[in-house]
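In what follows, chain A forms one complex with chain B and a second complex with chain C.
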Partner chain A sequence: MRNRLLAFIGVLAAVVAMGLVVPAAGQAPKKYNAPKTPWGDPDLQGVWNDATSTPLQRPGNVGEKGVLSDEEAEEFQKSLEHDLTRDRRDGGGAADVNRAYNEHWMDARRLKITADRRTSLIVDPVDGRIPPLVAPSPERRRAQAARADGAARFAAGLPADFTDMSWPVRCVVRTDVPPYLPTIYNNNFQIFQSPGYVTIAPEMIHSARIIPVDGRPHLDKSLRQWLGDTRGHWEGSTLVVETTNFKSEEGVLFQGANPATFTITERFTRVAADAINYEFTLADPMTWTKPWTALIPWNKVDPDEQMFEYACHEDNFDMVHFLTGARLREKNGER
Partner chain B sequence: MRTLQSLVVAGAALLVLAIAAPALSHHAFSAEFDANKPIKFKGTVTKMLWVNPHAWIYVDVKKPDGTVEEWMIETGTPNTLLRRGLTKESLPNGTEITVDGYQSKDGSRRANGRDLTLPNGQTLFLGSSGTGAPDEKKK
Partner chain C sequence: MPGVPRATYMPFPFQIVQGTGPSILMAYEFTSATRIIRMDWKQAAPTDSWMGWSRGRWEGDTLVVDVTGQREETWFDRAGDFHSDALHVVERYTPLSPYHMMYEATIEDPKVFTRPWKISFPLYRRMEKNVQLLEFKCVPFTEELLFGKFRKQAAR
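For the complex of A and B:
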């Protein structure tokens, strides 16, 4: 299946060469005029869903193509669905246990590629890949290695204590830290607006970002927060959001970016009554050799669908189970 | 030499961690449940703990010697089921289900419910499509 897809796409890629390019990120179709709030800001309010199977980075099996034809897209989607679906039991116990539950527990929308048939959510660089990592300083290398040791103990089922669990596993922060990326479920985001503010409440997990759009300056660099310090402004119908001042804990930011030098710029553009283009650019000279940008479509959910609370912490028995399991295995000499 | 080897291993682990982080950030199931302890048995539902981040189904399992064991079965988030129009009343006490999953690493009577089926062979809570979820109604 994979090989056929590869050959098929390889031939087409050679013929079409660079004829097809990714549409300019964040660019709204000219004819659509976003509705306005009573106080005159573009209206982004509603519940939106960002689920998709289109991978962040372009997979090796699609060659250099940024956008697929209808036929190629169908095969691409089928191949991704095969990889992602939980309604399969092959691959042995290790793979099976990590699939956890069958598909009825999952967001079915995550099995579809984006409507624009792209091969990666990343639009810049044009190869659809995250730029090479910068070699970390000795100090960062030590911090990252300590975090990696904890993660390895956790993955082996032998966490030393709760700090070996990552921030997302501990329900401290998860997909509420930007950039917002699609996941297996709870892919909804509710946007609220009031004069001078835009608020984004993700369904996973519990923190809403309150974004001032009234022109006030950023907080002092010494004030650091889990979701960073966010300021927004309008450029035409696009909400541009710049966030910095993330907390200094290792392992909170995407790919272990360095909190002191990391910035994220997000652009929210309503491109149809039922669609927002969500584009983000990550920049951190301590982590990536150059900034990079991804574009993820947000689709308005059916009015019958609502946001649900995701109280990650309150009944999170898993933390106790992880630790009791580890202590018992130690006692049995499995360490 | 040993240091170099450690460095390479640590570097490889970091790279893997960096790349895999988004996919794994939700829950490392293999850290809680044991791939070497697959379980499959019939049980009778006695309680549904309808909580985030994971719902738990309690079942009584009758052993060949006539004694009964209580097992806790971990499932996904209730949010997904609510979105599909299902509630905890959708699985009343007394329902007989087959549990196919993996036992917890601490050997206690907990397991993840990888696949749950009703006596008639139907997958519990139906399958991935045609569930009546709001986003599927129009299709």
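For the complex of A and C:
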């Protein structure tokens, strides 16, 4: 399973690199009265899926268009599907083999654009693109360079040790670290609620994000966690979630944001019986020149479809394979 | 992940998230493991997993959880004893007061034990103000042990 992550990271990298842009007229959802729990909170319970082919950033080939017409949307979706699917034979045998992995275990929902026909998940800034990066401090530049060196050794098949692998490859964090972004599989999230709590269980990796909504303070700043420390409150029918206290390891947060100055606000609003709008705003004056916001639709999963345990580390044999392979290659004279 | 019933008596807390949906979440601090107890699932476990497949039902005030489909690799108990893939655990969570529950587990594993047997102990609610589970991502603690020996050695 681990290996698939590589493909997934490749996809993310491609999306980020592609030069994408933004848009969007954040669609004002029709007024919908979300059901309430017996204790009076808006009811978000169920299994939800955030897969989509709509890129985080608006791609260059759609110009400045934030929302497409039906006809344009069909074309957009077709083109994205062609790029994303592994079930194609063009490009010759080598390209086909390099696509690796079969399509059948990937989430087919990732081949569809969002129902609102947006050209990017980012809704702010209006160009649909992540704001320009801030020049890093010398200290951060060194940390980023060290991480990049490790990634390069790994990509070359010669990792020096396990720290050359990324946190997702090492099964430390995957889509369980916010913001939740769609990926090639395991895009499910189950929400459980009880009085005073909203709990999100991301399928990958099996953690439970238990969010107190009772007004209690955050943990002391000295206590830092991979997934941070989360508190929530209700604003009307929207669950607003703030997360702090992230660990300081380089490369855990999106685009290598700096844990000490990074803030993330997530908003969950049930906009239909079968849909939640998931919106997140990221801010970090040490990483981005201004805050930015993305809106990702969460679609309810058929009740017959269950969440399954995603045990990442337990069968992570690839770690040994990567490392023993590298040692063997060195023995054979490769560097 | 520890498997069941071992998860219940690790020296770390766990939280039960029980709402109005058709499932209850058990969130364990140890290795940040979770399992979903499905209250409306009648069929057999669809696949094996580390925490098993939990089917729940109510008997009066008692939550009865039938657990099958556990992978045989998990330790059966804290001493490191083993079980097989035929392990069948029936758990009973019975509230005794707002602060206590009695836990009972009937253990059946025809490939390992000659007959079914039971364990039982009380569970005490954590009463600290603002108590919360903390994160226990165990992977970073295992990596040196598992992968350290494959590190590139400095050229001699």
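Rule of thumb we're sticking to: the second predicted complex is superposed on the first by the 294 of 335 C-alpha atoms of A that agree within 3 Å, B and C clash if a C-alpha of one lies under 4 Å from a C-alpha of the other, contacts with A are read in each partner's own complex, and residues count from 1 in each chain.
Rule of thumb we're sticking to: a residue touches a chain if its C-beta (ideal position, glycine included) is under 8 Å from a C-beta of that chain, and two chains touch if they have at least 3 such contacts.
In this text the structure is predicted, and so the values were computed from the model without any measurement.
Taken together through their common chain A, the two structures put chain B and chain C side by side without a clash. In the superposition on chain A, contact is made by A:T324 with both chain B and chain C. In the superposition on chain A, contact is made by A:R170 with chain C only, not with chain B.
Put chain B and chain C next to each other and count what each touches on chain A; the higher total goes to B.
Contact with neither chain B nor chain C is seen for A:V67 once the two complexes are overlaid on the shared chain.
In the superposition on chain A, contact is made by A:W226 with chain C only, not with chain B.
Within the superposed three-chain model, A:V126 lies out of touch with both chain B and chain C [touch as defined at top].
Looking at the shared chain after the overlay, A:M286 reaches neither chain B nor chain C.
Of the two partner chains, chain B is the only one touched by A:A148; chain C is not. In the superposition on chain A, contact of A:E314 is made with both chain B and chain C. Once both structures are overlaid on their shared chain A, chain B and chain C have a minimum Cα-Cα separation of 7 Å.
Common to the chain B and chain C interfaces on chain A are residues 171, 308-309, 311, 314, 324, 326-327. On the side of chain A, the complex with chain C involves touching residues 37-38, 43, 45-46, 160-162, 170-173, 190, 192-194, 197, 199, 201, 205-208, 210, 212, 216-217, 219, 223, 225-227, 303, 306-309, 311, 313-314, 319-320, 323-324, 326-327, 330.
Residues 1, 15, 17-25, 27, 32-36, 38, 46-47, 49-51, 73, 130, 132-135, 137-140, 142-143, 146-148, 150-152 of chain C are the ones that touch chain A when the two sit in their complex.
Note for the complex: chain B touches chain A at residues 10, 13-14, 17-19, 21-22, 25-36, 38, 49, 51-54, 56, 75-84, 102, 104-108, 110, 112-115, 123-129, 131, 133-138.
Looking at the complex, you find that chain A touches chain B at residues 56, 85, 87, 89, 92-94, 96-109, 133, 144-145, 147-149, 151-152, 154-157, 159, 166, 168-169, 171, 174-175, 181, 183-186, 203, 254-256, 301-302, 304-305, 308-312, 314-318, 321-322, 324-329.
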